[in-house]
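In structure tokens below, several structures.
In the two complexes that follow, chain A is the common piece, with chain B as its partner first and chain C second.
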Partner chain A sequence: MEQILATTFRSAAPLVLVATAGVFAFRAGIFHLGLEGLMITGAFTTVAVAETTGSVTLGILAAIGVCMALSALYWWVIGPLGANVIIAGLGLTSIGLGGTAFALGAIYDRRGSLFTDVVLPRPLSGITSGPGVIVSEHSILVWLTPLIVLAAWIVLRRSRFGLRLAAVGEYPFAARTAGVSPSIMRLQALLIAGALCALGGAELSVGALHNFTENMTNGRGFIAFVAVIFGAWHPIGAALAGLFFGLADAIGIQSQINITERVPREFVLMIPFVLTVVAVWLGGLWRRRSLEAEAGYAELKEPDF
Partner chain B sequence: MTGGLQRLASTVVLVGFSFLLTALILWISGYGVGDVFSGTIQGAITATGAATSTVRWAIPLLLIGLGVVIGFRAGFFNIGGQGQFYMGACAALVVALGWREGPATLVILCGTAAAIIAGLSWSLLPGYLRVRFGTDEVLTTLMMNFIGALVLQYLTAGPMRNPSGTGQTAASERIPEAFRITDSSGVSATVLLLVGAVAVLVWLLLERTRFGLTMTLVGRNPTMARWQGIDVRRVGLVTFGLSGALAGLAGAVELHGPGARLVTGFSPEVGFTAVVVALVGLLSVWGTVVAAIFFGGLQSAILFLPIVTDLPPPALVLLHGMVAFLVTVKLRAVRRRRTGSASEAVTS
Partner chain C sequence: MTVPSGPAPAAVPAVRCRSLGVSFGAVRALHDVSLDLAPGRIHALVGQNGAGKTTLVKVLGGLQAPDSGEVHIAGRKLPSGDARAARAAGLAMVHQHFSLPPSFTVAEALELTAFRPGGRSVYRRAELRRRWRTAAAEIGGEAVLSTRIRDLPVETRQSLEIVRALATDARVVILDEPTALLTPTAIDTLFERLRRLRDDGVTVLVVLHKLREVAAAADTVSVLRDGELVLGPSEMSELSQGQLSDAIVGPASGADRAVGVEAAANGERQTLLELVRVSSRESAFEPGLRRIDLSVDTSEIVGIAGVEGNGQRSLVSVIAGLDAVVEGSMVLGGTEMTSAPSARRRLRGLRLVPFDRNSEGISRRAPVWLNQSALRLIGRHPRRFPLISLRQYKRQAAEAMDHWQVRYDSVTQPAESLSGGNVQRLILSREMAPGLEVLVAAQPTRGLDFAATNFVRRSLRGLRDAGAGVLLVSSDLDELFELSDRLLVMYGGSIVARFEAPYDRRAVGDAMTGALR
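And now, the complex of A and B:
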């Protein structure tokens, strides 16, 4: 039981961080399918810079910088250049996955993975007795994650920026009339999302583990995107959805070990996706404005290519 | 026609630009650009078995890509090709392993039919939700991809698992050799005929039938189509169904052709690459054929690269990404920006 909880939090933390990134993008009306690519870029940059400089802080700052730069490029392509949000997002993911694996070979002349001793501190690693296993092995970023989610919620709900962002996502034409530039708001939302993806990637590589491995995100960026939808594009909802995915993952790992378990782990892992389909369907059924960001999305999702 | 030519030119420019950008990155990283291109050409065309491998990888891309083209014609964004492909392969696997003693031709036909039905049902659900309730198909088809991947994982790691398999990733048992329509190269006259026939049929459907015209109308302007008495829902459902059926067929071809067994998470990129293929092919049937061969060549080069040069395969994943990232850019928008003549107030 303790082990399940510990695994849940460890699997959920990067998901929650990236899902929060997805919430910012979604609020601006962007279906961000490049989360996976940004996440792996964050993971790689953190490890590479931390290993070179010996400072994990520098590593994370560099990762944030690189991910924000990529996000700015993504904004440039889908905004001013009018590219398709979804295709360009998937492209960004491939660039991240291919680019990091390529850089691993080009810089370190190796394939597979890169180890580092420079990792995030684990503040409670001293507590090892009994249920202490729940808290002992988590990095500082896991502890910061709830605060980040809370901060995201306050920013989106209470700040001028958050309300403007909601306006841009819900009805960009009205926002523009009111003197808010949807384009600039989208850029800001994507930059925040980039920084959060970098943190999610960093937690994955130097928080939970000691290394960067090719394709280590393994679809987590997409699962985080699903968590955004499942959590009704609300930071708290997305975080809970992320936690749920973490739990499904933990139970999955456990049931793999425990052979007497009768339910195959694949079916446990399937639940969130099935529920998301149902949630998206019911959301559209019950409320006409099912997707608050629909108009903003519609503005970017032009049918003719 | 000028519009078509302009789009063709713009796609060629954008794909070329993606190549240049990737070449620049490779050059900065210390690789000889000439080596990269000669390596890619060797891996795609000239090396022994490379041309066959190109066609082998082009086949699933083409079949799934044609499904994407059909979807786009009627205005639907089916990014669920991956899941539909997996479900098709799974259905064919269940038939082939469940009926080992059956006559080969019959088993292959049944397996293919099962694959088509599986792919079709995997796309009909999002299609039904879309036309009946307006549920966004991008989200639902994406979810169905994950569910399909888990079904595949369940089958290959559970009931269909090869107990003597030793690899790290779970794989199913092999289907009997008699049930295969190609050798492991994945290319044979049967497959080429089948794929060619499918391409011609899709072209006939889209360009030469009343239904194809109806689909295009629905895609251009569903409201007007409805006012003209077109049953938009029916058209939507048929479109989604056809789209999924083609992806399911691709799954069957994969199993009965080069695969012979299924491995957890095989060809993980094929569904998304097929969307890029359809877009690079300008959503036309013959354009998609050309684009599928092009991307099949890249895929083949990825596999051949370690043999012919020291360039790592991820470089081509990067190239793939660049093409997808840039291919939908509207060059019109670039020019408009530069002259600054159009106001920002109207983006559509």
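And now, the complex of A and C:
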């Protein structure tokens, strides 16, 4: 049980961070399918810079910078250049996955993974017995994640910035009437999302582990996107959804350790994905009640009037 | 800037525009429009659909940058296409389409749009409600502040738009077709409010469609036609109704023919559409039907009156076969059709002019010819070859549209590029074609200019005279009184009153507001 809880929080933290990024983008009206690419770019940049400079802080700052730059590029492509949001997002994911694998080979002349000893501090790593083991292995970023979610909630639900952002996503015309530039608001939302993806990637590589591995995000960016939808693009809802997927992941890992004799491994590995499908279905049922507003969210295009 | 001397009004115009020009591609929306609006008066702006009214209003509000020309507010030039500067200069807009995000609460919407510099950027809900308490007094008090925009009745939304506009201490208020969605009573209230604004020294520019409304509300009137100002701001008192309509319509260009269709007129009176104790499920926006009894016979127009949101949409959806009948039965042309699919109803002669022409009446991205031909593509025709000839369909579509005087450039342009009135004509040209037995017309003239309105009304009468049955759902009482042979009033999903001509406006109004219950 302790093991499951411990694994849940560790699995959930990167998902929650990236889902929060997705919420920012979604509120601005962007179906952000580039989360996966940004996340893996964040993971790689953190490891590479931390290993080179010996400072994990510099590593994370560099990751945030790179992910924000990529986000700005994404904005430029879907905004001023008018590319399709979904296609460009998938492109961003391909760039992230392919680019990090390529960089690994080009810079370090290796395939597979890159190890580092420079990792995030784990504040309670001294505890080895009792219920404390639930939290002992958690990096500082796991501890900070609830605060980041709370901050996201305040910004999105209790600030003028959040109102403007929601107006841009739901009804750009309303935003323009209020003297807000939808384009600039989308850029800001994407930059914030980029930074959060970098943190999610960093937690994955130097928080929970000691390395960067090719394709180590393994679809987490997409699961985070599902969490955004499942959580009705509310920061708390998305975080809870992320936590739920973390739990599913933990159950999968634990049962893999405990019951492999009786249940085929493939079945156990499937559990998180089955739960994801069920969750999306439930989310759809639940959302049908609120109808209307969602239709506007997907539209990056200005409605004509 | 020098004001030209002469008999011009001494005061600096509240709004002045000079040689405004706007083009969208090859379409000239505005051409060389110069207009001075005197302060502290109610100015009406009228014109046909596509005459450029909305474009002009958007240019004034900074939401559309003009290709040429400039706008001055109270003597100061505005940077072009800058909504924020326009608001800072004291200009507030109430748009034709509601401009508030549906999922916002009223308090959030006011905070978003009512632009007051300063204040903390992070708030608590209670604080927000306190801040907007006074503004909410006019629209139903503090309780309304926590309501979501989408849950507000249409009138309250409209009032909120005006409250929002005025919360910025506006000196000039521009309203784009504010009456299109309102009941007669709400329109009177709106005009009363505009007069109060004028008496407080605010300059009002209001876009209107109906000449009766212009006469009721405006001090001066300006007319746009094909993007040009054809009648400057003229005093209403010095203008006859005839002069005004001539200015709007322009030189006679082959007067609108009323288009009739040869419906199955075999002289004998029979029931074409009958609903017996029909109930349906409620939707997110409306009550469902509650045991509705209704029939439409040959050669009659049955009117459905009611404040919007009392089940009219459900009624149309049920008849069209889009909403399921929970109990009761429906007979169409002598055949039981309670749960028949839409296509079968169509083949049986049911035709439909839906509430929202842009989302329900056309496929916006599809070319106009395909929209026009849609009905010919449904259903099975046993002896007809399953492949179609595009050229033939396009030609037939073009013929039908020419007959209905749809203004279009090419049969392949997307339907969304037509103006509102022309979209409606396109829909009518499709629906009112041979084979029609019953027409369900939902708000067929909403938002149309008066020439197009007359055209639609003549066409409906023509249908009736040719033997068809028409169910006319409208929120325009004058229209219902003018056209209907019988009038039913819906309230809360039921039919609460039935009237025969001549109608008593007062009694119908009482029934609409539920006073009979």
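In this text, the second predicted complex is superposed on the first by the 260 of 305 C-alpha atoms of A that agree within 3 Å, B and C clash if a C-alpha of one lies under 4 Å from a C-alpha of the other, contacts with A are read in each partner's own complex, and residues count from 1 in each chain.
Keep in mind that, in the parts below, a contact is a pair of C-beta atoms (placed from the backbone, for glycine too) under 8 Å apart; a residue touches a chain by one contact, two chains touch by 3 or more.
What you are looking at is a predicted structure, and each value in this text was computed from that prediction instead of being measured.
Engineer: Just checking: does A:Ala106 make contact with chain B only, chain C only, both, or neither of them? Give me first, second, both or neither.
Structural biologist: first
Engineer: A:Val277 in the overlay: touching chain B, chain C, both, or neither? Say first, second, both or neither.
Structural biologist: first
Engineer: In the superposed arrangement, which partner chain does A:Arg176 touch: chain B (first), chain C (second), both, or neither?
Structural biologist: Once the two structures are laid over each other on A, A:Arg176 reaches both partners.
Engineer: Output check: A:Ala83 vs chain B and chain C. Expected answer is one of first, second, both, neither. What do you get?
Structural biologist: After superposing on A, A:Ala83 lies in contact with chain B but is clear of chain C.
Engineer: For A:Ala166 in the superposed arrangement: first (chain B), second (chain C), both or neither?
Structural biologist: second
Engineer: For chain A, which side has the bigger count of touched residues, chain B or chain C?
Structural biologist: Of the two chains, more chain A residues are contacted by B.
Engineer: In the superposed arrangement, which partner chain does A:Ile154 touch: chain B (first), chain C (second), both, or neither?
Structural biologist: Second partner only.
Engineer: Take the contacts of chain A with chain B and those with chain C, and give the residues found in both.
Structural biologist: Touching chain B in the first complex and chain C in the second, residues 176, 291, 305 of chain A appear in both lists.
Engineer: If you look only at chain C, which of its residues touch chain A in the complex?
Structural biologist: 54, 63, 83-84, 87, 93, 95-97, 99-104, 108-109, 111-113, 115, 121-125, 150, 284, 416
Engineer: Considering the complex alone, what residue numbers of chain A touch chain C?
Structural biologist: 154, 158-161, 163-164, 166-167, 170-171, 173-179, 289, 291-293, 296, 304-305
Engineer: Please name which positions on chain A make contact with chain B in the complex.
Structural biologist: By the definition above, chain A touches chain B via 31, 37, 77, 80-84, 86-88, 90-106, 111, 176, 183, 214, 219, 222-223, 225-226, 229, 264, 266-267, 269-270, 273-274, 276-277, 280-281, 284-285, 290-291, 299, 301-303, 305.
Engineer: For the complex, give me every residue of chain B touching chain A.
Structural biologist: Contacts found on chain B: 25, 29-31, 72, 75, 77, 79, 125-126, 129, 133-136, 138-140, 142-144, 146-147, 150-151, 153-154, 157-158, 219, 269, 272, 275-276, 279, 283, 312, 314-330, 332-334, 337, 344-345, 347-348.
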